[in-house]
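Each chain carries a letter (A, B, C, D, E and F) given by its place in the written order, and its residues are counted from 1.
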Amino acid sequence: MKVTTFGEVMMRLSTPNFSRFPQATQFDINFGGGEANVSSSLAILGISANHVTRFPDNDLGLTATNIFKKFGVGTEHIIYGGDRIGIYFVEKGAAMRPSKVVYDRVNSSFATLQSADFNWEEILKDTTWFHFTGITPAISEAAFQACLEAAQTANRMGITVSADVGYRSNLWKWGKRPNEIMPQLIENCDIIVCSKGDAADMFGIIPNDEKGSFKSVCKQITARFPKVKKILNTKRGQISASHNTLLGRCWDGTQMLETEAINIPDIVDRIGGGDAFMAGYIYGELIYKDCRKALEFGVAASALKHTIEGDFNLVSVQEVEAVVKGDVSGRLKR
Amino acid sequence: MKVTTFGEVMMRLSTPNFSRFPQATQFDINFGGGEANVSSSLAILGISANHVTRFPDNDLGLTATNIFKKFGVGTEHIIYGGDRIGIYFVEKGAAMRPSKVVYDRVNSSFATLQSADFNWEEILKDTTWFHFTGITPAISEAAFQACLEAAQTANRMGITVSADVGYRSNLWKWGKRPNEIMPQLIENCDIIVCSKGDAADMFGIIPNDEKGSFKSVCKQITARFPKVKKILNTKRGQISASHNTLLGRCWDGTQMLETEAINIPDIVDRIGGGDAFMAGYIYGELIYKDCRKALEFGVAASALKHTIEGDFNLVSVQEVEAVVKGDVSGRLKR
Amino acid sequence: MKVTTFGEVMMRLSTPNFSRFPQATQFDINFGGGEANVSSSLAILGISANHVTRFPDNDLGLTATNIFKKFGVGTEHIIYGGDRIGIYFVEKGAAMRPSKVVYDRVNSSFATLQSADFNWEEILKDTTWFHFTGITPAISEAAFQACLEAAQTANRMGITVSADVGYRSNLWKWGKRPNEIMPQLIENCDIIVCSKGDAADMFGIIPNDEKGSFKSVCKQITARFPKVKKILNTKRGQISASHNTLLGRCWDGTQMLETEAINIPDIVDRIGGGDAFMAGYIYGELIYKDCRKALEFGVAASALKHTIEGDFNLVSVQEVEAVVKGDVSGRLKR
Amino acid sequence: MKVTTFGEVMMRLSTPNFSRFPQATQFDINFGGGEANVSSSLAILGISANHVTRFPDNDLGLTATNIFKKFGVGTEHIIYGGDRIGIYFVEKGAAMRPSKVVYDRVNSSFATLQSADFNWEEILKDTTWFHFTGITPAISEAAFQACLEAAQTANRMGITVSADVGYRSNLWKWGKRPNEIMPQLIENCDIIVCSKGDAADMFGIIPNDEKGSFKSVCKQITARFPKVKKILNTKRGQISASHNTLLGRCWDGTQMLETEAINIPDIVDRIGGGDAFMAGYIYGELIYKDCRKALEFGVAASALKHTIEGDFNLVSVQEVEAVVKGDVSGRLKR
Amino acid sequence: MKVTTFGEVMMRLSTPNFSRFPQATQFDINFGGGEANVSSSLAILGISANHVTRFPDNDLGLTATNIFKKFGVGTEHIIYGGDRIGIYFVEKGAAMRPSKVVYDRVNSSFATLQSADFNWEEILKDTTWFHFTGITPAISEAAFQACLEAAQTANRMGITVSADVGYRSNLWKWGKRPNEIMPQLIENCDIIVCSKGDAADMFGIIPNDEKGSFKSVCKQITARFPKVKKILNTKRGQISASHNTLLGRCWDGTQMLETEAINIPDIVDRIGGGDAFMAGYIYGELIYKDCRKALEFGVAASALKHTIEGDFNLVSVQEVEAVVKGDVSGRLKR
Amino acid sequence: MKVTTFGEVMMRLSTPNFSRFPQATQFDINFGGGEANVSSSLAILGISANHVTRFPDNDLGLTATNIFKKFGVGTEHIIYGGDRIGIYFVEKGAAMRPSKVVYDRVNSSFATLQSADFNWEEILKDTTWFHFTGITPAISEAAFQACLEAAQTANRMGITVSADVGYRSNLWKWGKRPNEIMPQLIENCDIIVCSKGDAADMFGIIPNDEKGSFKSVCKQITARFPKVKKILNTKRGQISASHNTLLGRCWDGTQMLETEAINIPDIVDRIGGGDAFMAGYIYGELIYKDCRKALEFGVAASALKHTIEGDFNLVSVQEVEAVVKGDVSGRLKR
């Protein structure tokens, strides 16, 4: 049982505490990426996981690789080349002040990869589940191409394929619009994460019932992409930068499962919360083989991620299960 | 369009995180002062601003000057001399434990200034708005004298004059009581910030209607000081050291405008909140030329200040306007 | 008036901010122990206090001693020997993620003390109040023996004896079960802190009325241990790792006094909260000689402890009294 | 009297203390660039200075601008646009382990400037001295073009022009070789910094006397570029990463002036040492109007730079003059 | 080609900068051990390496494992159990003040291992070289036993065996003296690191020629332990805590090879220097298959280790080779 | 055997590492004073010591007191009152850049003491040795008066009196010149520290032999002040801010004892070095009762102080004795 993910990893440089950019004299260093956060979180939960990406062949690429090794993520299919590691700068918000991200990922080693760099049959050997996100095809044509080949190869090899189709408006600069591209990728997917907004941006699908329901969107998606069996979505209640709520939904083709909303006060770091949900959901599907349990595990894992600095979800299965069982008391563990 | 402020700047030394004084092994260094916080916040909002003060001619005075330069505040009328920069020490509270300030400002370079050091006609050239606070006249007779000359000169030059008359009981040690002094200053003001308590302490004015209303105080003030057109006030709901609410009021001579209360949970640093309100209000008057809009901008700016470490309000106009429009969700900005 | 406490002191190594263990590159250093936290908190409140323990004769033992000296705790009866200072590692939780403690106290200098090391008549000279906890007898047979001799000597000398009987399941490895041991110690106590669960674990006493009330437990305890005059207990509402509530109860032989619950949001450090309650209660008994006042002082002191990093309760009498009087507004003290 | 410089400014991210890249969890933030270091050092020495560059219109560009303002460098001709600020990563060496720089400047806002962005007549108004380095033409064709226009305009306006022609082998990727480009620039210069190696790389000039002397190189340079009056050079003795020596030389057309070598043990930060020399030399020329004095001032300023973290040379004229006078005792100043 | 090492790993807690223990408020966290430092350094140099040890099954054991993974050391034969990870505390010296180490390793998970826990045939499969030190048999009888079985199994499997026999007087508390134990281990070794002092302590061998030469000791060792082919030794010139010199020697059975002494000023961290030498030597033997080259590589690697914080030698082959070639100039690498 | 010292204690705020003032965002907090450094260093060496001073009755005065308690210095005769604790700001130099001190001690609680605040008979009870410095009389008339009364009382009580007469040109602002004042104090001294320069400044004594020898100064001093038995002096070789040498001299009335110069490279913190010498000398006199030994102990103690951050000399007797015996190798202590 092995999960393989493919996507860009960025160095994340965040100002300490609540410093704004012009105040900071230091950056805290982390690494993350929408797909890598999934494989790292799975590795930390004890699932064999492998991340495929491209790093520059310099000290920063080496350092990034080390971090994945540290948390047990397989790094043997990482390739090296290109000019630079993508960077994103983070300033943490509080109360009514939002956290802020400044991207500096143009021309990264990942963006300048060539699809021929990857032998997917070789890479996906022994893989049970392949995961990517809508960020990857948005980065460059070659990244899209590599992603498509990966998904198609995974399909041929009988591997479960999932995608978080989240639309990022500040990417997609290489010439194609998401709706020209994403459908080809989604055709190969078994499970997707997709919001109402994403469906509109990516597939031009909008609700067609009176209530404008998400369910009506899901039905259209499964009609258009018959391979897609489940559509996941999280609904974030945004009370403040420091206080959110979160619930998860899953359209399984027949019904819309929905968890209770979990309260997330005193947020430590919100970034990577969606990826932690995905990792938790995959864990649940692989171990419990039950969609509702997977959904609950995903939401609980995501809630815990909000209490941890950095993109990776450093939690154990027992910790997530305690939250699933409703223990959110945070009672001291001696 | 230029705002000039006059007042003492202190070095602020605060214990990191929530350390109490006997625990601290380091102090974080910031600089601030009731008037300087107004000019720095205005400069950061893009308004031309100038601060007038007196620093010692040593490395600490130089460092303080550099900080104002960094944020674009004009420093060309700062004068140098005297023995020391005033200092205040801060210990940050949480929940039911208050933040604590220990002042060490006696004998500062500002306190020992001479009123002849300042050529106000020269300094106020091109100035649109002059602002001072009730702290300045409380520091020393010469500081009062300089402040009075500034206000009178501003008046003669047709410059709008504002004052935050807040009473600080631990100052006023040079021989006069506030009510002997403040009236002469307020005579020259167009706009003042003044609470019910301040009115009693500074002018001996107490409510004269049955409800003991602030409105009745305002009416007496404008009767006594005909130049004063508007009286501002903020009302802070003090739920805990980490959680406040804030609303703003303005008596414009006819009616009492009042904003909605804004919720300020998860406070990062409350100091400078009042000055951020004043800066926001001045911004609003200068740009929107609308009292209600200015009031709302001031309250929103003040709320944001509570999420930022240090005395200066490091926020952009867009960020304040988002809060004015009611977006307090703190949703991540990518 | 002097309070003497006896028990193990550990070096506490905590990851900074909210770092999980695998993320941390530094530990913050503090020292603490269930009894030492009581004497340090009392010394900080201005009560003469003395702590008795055993440290290794090395730089870490010296450093630990220095910390007690720093806060005015008498250290003249600390003895030196053995291999090591016990350590506990702390990772701070947030929201639904609990704080976590990893103990490393086996074979500590305290655990390997010999009861003959202590001359209690000498040590307790001038002592008014002797306090210990259920941790000490749980550590080793000799620690139990020394504690018993201390309590018996204190009794003979007419010194008030108190004990916090809290049961720690991860100790008690030296061969005896708590219920074989604790009764001998409690026989010598005037005041104990004991929850329903502790009573069951330590004395095999369970509620014997229909409601399963704590009062019925207290009655059985005072029946069995006639010297015990008061039974204290705190009830913690565990909303999250960052938000608790706390109330105190005292069975004084006739009635169950109970304070209002105090709200404790935005917790800085919860560890030592129970010891701060005990110290506050002892302060109240010694100074106010009134059980209800002591209880209220204890709860307020404990609440304040949650806003302070480290095991020691760095608060003044005035600060506690403000909270007792209901001022939990955390209003800035200038 | 005003000095204007033109060139790229990078964000410098350095690992704290002596951490290697894979160890670091934080980067210290500084800003610097071969030309900007000259103007900032001059501003700190009290000379009016102005830096011209291009920053991205984001928080990092704003932060960089603030730093120049802080130290009094004129920023009014900085333009904003493009994708990113160039970055360089630094790991500090010790003893036999070299410091290491990883550049990440491709595609920076400076590299993608357009020469039409700059109105040099306007920018250079009031300028006495214009300085650039061989890095600028190496970055992009447009940067070369802008630099050439600046130098030609300066010439027309009778402004002294200096250049540090240092060859950086990891740049020059835009299609031209240095020797195709640099001569056009140097034609406009009065003073250049140029080593024997640079002369070979940039102009194809090699020593033509038996000793292979630098003097013979200088003679050829002045023959080829008649406007060049002085050729400066520093000679670094590289004892270890922590210990260097430095002397300065100047060919003034007739003779080779040479300072004594200054000993630089216990280096704090070597980066920017060459720029500090240039700034010191310019200061000396402007103030003392004496080549030897300027040379000595430059070498002393450079030596002091090695004791200061960051690219900017935070020293006063008095401090440099003390070293010029031979006081290298570092005796405590009370 | 794979190197396997066996031995205790301790958590190293060092005071920052040059703080003495009573000053420190934080400890920097590293991990290290005489053998683990060898495998980690080899892994960093690109040699496949594996470390065998026993950690507690808690967050600290997990964290320690992660660190080895991070640097590419195989951790699949680490076993988990026992009470605690050994700790050592470090205070860094300067000039005439020595660095100081306080050990707290009694009762560690490694010390309480059982020799049956390890299946050496399985563990050593594919191993080319097995390395241990004289620390391991000094810790406990079972550790000695496990080490002996490992060495004997390695011998049977034709694996090269090396040992650093360094005598640590503060260990050896389990009942046997080194000279009763070490000979059995050394019988199985091909290469040992052994000083004159070690030879006396461990084997009772003292020089038997007039000069008291090390060579005469080596001859006796090889006579007594015929399997031993090479005896290595480093000679440290101890100028101060911040300045050492180092040379390496190797008796190859016929002659005494000796490197030049390398100067090591401005020491960053001296701990692990001996292990870095051993790792470097092993690298040299495996890659160059030349004793002199291996010796030079070992000494250069060790010198570089002194410039790096922590026990692991974070250097590349190119960096070591530069020093071997005599480049100790520390010239900035751009 | 008890040593009592009297003098001002300042809060020392130093920029971290080698930051210059305009770079610093934090200050490290220490406390120190010429006399307090002597008592603290003696207490750390195990000698009973007591410091007498005046602190403000606020959190900073409390924190300062705690620090003395921490290191075992008696604080029972510290009095509380006045406005503020004196502060001095420190910026650490390196190589040819000097460390820099900015004083901010005017109007401190010590400067505004009243001599009647101190009951010297009570304070000096059980005291063996009283020590003060030339800083105290320089601060204010009352401080001089209190110092004089202390010295006279000590004399009457048969207590040894020592003084470090060092002249600080930036003090002495209260109206008298040192030579009007110091003689009265020195009349009461048994042992003084005095350089050639101090003798001229304080007593108007200049060498009266041809060589201009210090010996000739000493003879004149003892002639003028017959109670003075010994005159101490240290001679600092100032190679750079990071490298000094130090030797000690003592005129014992008959001969000039002189130690060898000790080499002090890689200085960590030079401040307090002279006070560490005095404390070491007093220790030597009290314990060894031998002037040469005391001198050597003083110089060794002072050398070690240079390796320790902060004003207090955190060294043990064994550590000093090792240096006295010539072990300056800094060899790692395991």
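Note that a contact is a pair of C-beta atoms (placed from the backbone, for glycine too) under 8 Å apart; a residue touches a chain by one contact, two chains touch by 3 or more.
What you see is a predicted model, and the numbers here were worked out from it, not measured in a lab.
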Touching chain B and also chain F, the following chains: C, D
Interface composition of copies chain E and chain F: same or different, split at half: different
Chain B and chain E: spacing of chain centres that average the CA atoms, whole Å: 63
Gap in Å, rounded to a whole number, between the CA centres of chain D and chain B: 42
Chain E: positions in contact with at least two other chains: 22, 25, 66, 70-71, 100, 266
Chain-level touch network, classified as line, ring, star, complete or other: other
Touch relationships between chains, expressed as pairs: A-B, A-C, A-D, A-E, B-C, B-D, B-F, C-E, C-F, D-E, D-F, E-F
Touch list for chain C against partner chain A, complex: 17-20, 22-23, 93-101, 103, 168, 170, 238-243, 266, 270-271
Touching residues (chain side chain B, partner chain D) in the complex: 66-67, 69-72
Residues of chain A that touch chain D when the two form their complex: 13, 16, 21-22, 24-29, 58-60, 62-63, 66, 83-85, 87, 89, 91, 100, 102, 104, 106-107
Of all residues in chain F, those that touch chain E in their complex: 70-71, 262, 264-268, 303-304, 306-310, 314-315, 319, 323, 327-334
